[in-house]
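Following this line, the structures themselves.
Both of the next two complexes hold subunit A, though its partner changes from subunit B to subunit C.
Our next item is the complex of A and B:
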């Protein structure tokens, strides 16, 4: 409680990375890399959501990209229906997706482990079908708002009209997302989640309302996914249903495990693998499907040797280099 | 005061508890019985993890069975498990704080209470230690502190001295004796260690194959020939 605002070494590193991303990265990037890093930032936020559910509660959610789609759909819908500024659309999309996450939690909470994963995967499949059938609003008439031909414009935040400024904006939002998770972790919900992961019976015996806190976790994953989808909509101006297939949700989860679900570094590694690696292969003129082979190898590597993911291994390596830090962390 | 009336529990064909009635009104009470006698099942009925086929339970005159498990904790029920349940990634302090997180009292008074109870169990100097770094005995002491915060009314221990050295077990026994004085809560202890039960419990219930075979002052109960036959008999096999 007294340590609510205490910044750990890892926290400083995270703030430093965000500062680099906001202050320096945009000016180093050409338009190709600006768009790659922007969508990486959006997926980083979404990955933070799945990684959080897995690390804090051991829950496997395979709907995260579907939730991004929900957030993106709502943001586009609001943009083309009303004159709200971007921030309002973003906030409403994130909130609505959070509520969607709660609804998803209702059937999912009765399940554990593999069954929970299957239920969330079914939800992702359902969303995939809905997105493929109705497409994303682009300024057309009616509830679904789809018109053929070129779509209407999407209003970006007034402080982030340019591609560079928008990258900064997305990174700042991702940072807020990580801070939101960390704040929860240090407060009552974090303690409740830690005990729930240890044993649900022990949590109940300690007066923890297990259903409430699990639902809450689904809501946070939804909030982050929804915000990520709205930001992605802002980046591209329109959304394509191919982005939000159920298989992408599975991929995101697998990469979160490969990267390391327990740390922000892991989420960053996962987002980089998901977005930067294919972009690099693309520049080299290599078939981007090679990235799937690399993901697969990474997953095997993680399952066999690195339960804390690649980030965990890197951090262990760093710790071995500086024995003093280990003593301080203990 | 804890009243258990006519509680029956079945798991498929196994009758784990058979119409057990007992009224605990002493500060510290024991439950003993051979393996599989139904001791843990009785505790699970009290904490709400097992729903009995029939029966009533009331604590201080309030019916407990209709309450969800976490509501019983809010009511004042505390329990420790056969295997202590301390979260590895929380500190000792946080592990205890979880128990009163739901209460609306100000943060400062919660902190003070957690610190007081950690001092009582002798863990005050290790409040910032992370759960994963604790020894078995330290985990058990943290568990006890967790049972003491938030005005408990009934504290239950399931084989608290399991796997402990004679010395640790004695220390734990002394600590359990202090609970009633420090918090006003009634205490219920399950253990196979008859010496522990003899030294700390006023009244003791003996279960065998899910039935109550004796109840009363601990010394009398332990001298009861039926108890010797059922309990000590299997113990020596």
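Our next item is the complex of A and C:
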């Protein structure tokens, strides 16, 4: 039990970063940056899910932004259909997306490597078509909940009505997401995933239910993606199919690799590249599409020289600077 | 010799005409001819430029007009600092643009906005911030059905109704296929209005919806043909509309249908882009006066663009609308107490107080008023695409729909009828 709640230096750093994000960052940010950081927080949660699957199981999922869309769709539908508080809509959207992730995983898990990536990409393409065809609920009647003309209002959490409070709320949710991943890593699923990653045959021989644990991982990614979509809906009050294109799923997976899939810092770097870099370019008056060129260069850099991503390189650099390490090397 | 004489006369006329154009007097704001040097007045604008359409001509024309105002005394000696952002057809980018321009910058108003996205995302932001938006290229319902946004353009609902009304009255239309974008507050909203209108006139209409992210124009055309329509209403941005016309030309469908369109096809580049095959066969509703009307304000808009805009700024309806919004805003500001020019609430009240502004670019008066809806422009022209331009086939006419009843009531209350 002590091991379960043991906080590593990296964990303390993560908690410190979250505390900074919740307590200080909103006060330092103007309205523009509040909006940018809120988007970044939502996508951080989604990237954490896709990076976790890649790091723990070596599985490439290219559906994550599609799963965000599913979560956002459910949150919007619940918001317009019932008077549930935002938290209930968020929990239901995340849970339903987790179940959707399981359903998606069962046939997909018969594949591995490139084929799994292609199947998930096709699922993302299918979701993109569904979103574009049926649109996102805006307060209308019927199953799809789409009405002609202007949409109805979306209720934010009662404790997070302002932009500052909502950013805090999103960061707190992202922290919970990372804690959920870490908890799983330290419990039986984490041990099973480690064994599966080393060798599926060995895992099966050791009595690990490979299908169950792989599906479980897909479910967690779905849970995080669904929560991210619901939070994004809360941020904007509406969603647009253009946000959830299959190409965006490919993009956030690539950025998870660039940032570093094996650590929370990597997910943070990836989310910052995805949302903060275009915002900075925009402020400088440079076309934000230049960020795609930078992402491409970053991906080449990661593939060639930094298998642990930018975060891995930064952490290595910090370790080299630490006095203990220097003394040990001496 | 006679030929040489004719050439000489033609050259003289050309030189005179070019000279007149080069020296065309512009009229902007205070018209002092002196550059404004005071503290700038901050004004914002948001446009959308990404696939599938560039919606920036309204902010381009507004920027040109404000540059002209600044070169002519500004607003009581103070220049307008006009800052624009691109929403990239992306809700997050739209929210960020408004956050930057409305919440982080003490802008007193937004002018010239043109987008498919930003008004839906930001209507509540504008209301909460108490800022008025004098938009110009509105394409969605929030533009016309929220309290803080008023536009000089009509939007797809009105322009579609104008085109459908003309088709019923002049082309004998009984069944319209409305090819719109699959966006609830744009294509679905505006095609629904055409369906209601056609039912009221004893006909029918079918909505055919296209995914804006991946427009499949051939499928849309086939669906429109299968509906049994006799008239095809191309309710699309110009780029997709041209793709639909190109696909129809490949299938030689020109003579099987009447072809009508709302204002996005009123663009001087369209007649050449569609080619001779379509000349004389496409009827377009123009939300503002076509260039052929060439009234004083229309000439001023062109002169302003020539002198203060870029050579490639579009000369289209949305450009006219952007110019008009900037001009009306400037007039309202000039009528204000100069001490209150930085007060967003006072500027908002001045904009709401606008009533009875006129221009030869608009068929009726422009007004704002204190209402939860705004659509001052709901009358227009019909033009036909011909070689080298457009030919007016119907002068100013008001559109006939129950949708406009509250607007007409407001106009009556303001003494404009």
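In the analysis below, the second predicted complex is superposed on the first by the 320 of 330 C-alpha atoms of A that agree within 3 Å, B and C clash if a C-alpha of one lies under 4 Å from a C-alpha of the other, contacts with A are read in each partner's own complex, and residues count from 1 in each chain.
Just so it is clear, a contact is a pair of C-beta atoms (placed from the backbone, for glycine too) under 8 Å apart; a residue touches a chain by one contact, two chains touch by 3 or more.
Note that the structure is predicted; figures quoted are calculated from it, not measured.
Q: Go through the superposed model and pick first if A:245 touches only subunit B, second if only subunit C, both, or neither.
A: Touch status of A:245: second partner only.
Q: So which one touches more of the residues on subunit A, subunit B or subunit C?
A: Of subunit B and subunit C, C contacts more residues of subunit A.
Q: Considering only touches as defined above, state whether A:89 meets subunit B (first), subunit C (second), both or neither.
A: Neither subunit B nor subunit C is touched by A:89.
Q: Which partner does A:308 contact after superposing on A: first (subunit B), second (subunit C), both, neither?
A: neither
Q: Given the touch rule stated above, what does A:150 touch, subunit B (first), subunit C (second), both, or neither?
A: second
Q: One more residue to check, A:205. First (subunit B), second (subunit C), both or neither?
A: first
Q: Touching A:191 in the superposition: subunit B (first), subunit C (second), both, neither?
A: first
Q: Using the touch rule from the top, collect the residues of subunit A that touch subunit B in their complex.
A: Subunit A reaches subunit B through residues 1-2, 188, 191-192, 194-195, 197-199, 201-210, 330.
Q: Can you name the residues of subunit C that touch subunit A in the complex?
A: 85, 88-93, 95-96, 99-100, 102-104, 117, 120-121, 123-124, 140-142, 145-146, 182-185, 188-189, 192, 211-214
Q: Under the stated contact criterion, what part of subunit A meets subunit C in this complex?
A: Its residues touching subunit C are 30-32, 34-36, 39, 128-129, 132-133, 135, 138, 140, 146-151, 153, 163, 232, 235-243, 245, 279, 282, 288.
Q: Write out the stretch or stretches of subunit B touching subunit A in their complex.
A: Checking each residue of subunit B against subunit A gives 47-49, 68-70, 73-74, 77-79, 81, 85-90, 94-95, 97-102, 107, 111, 130, 133, 146, 150.
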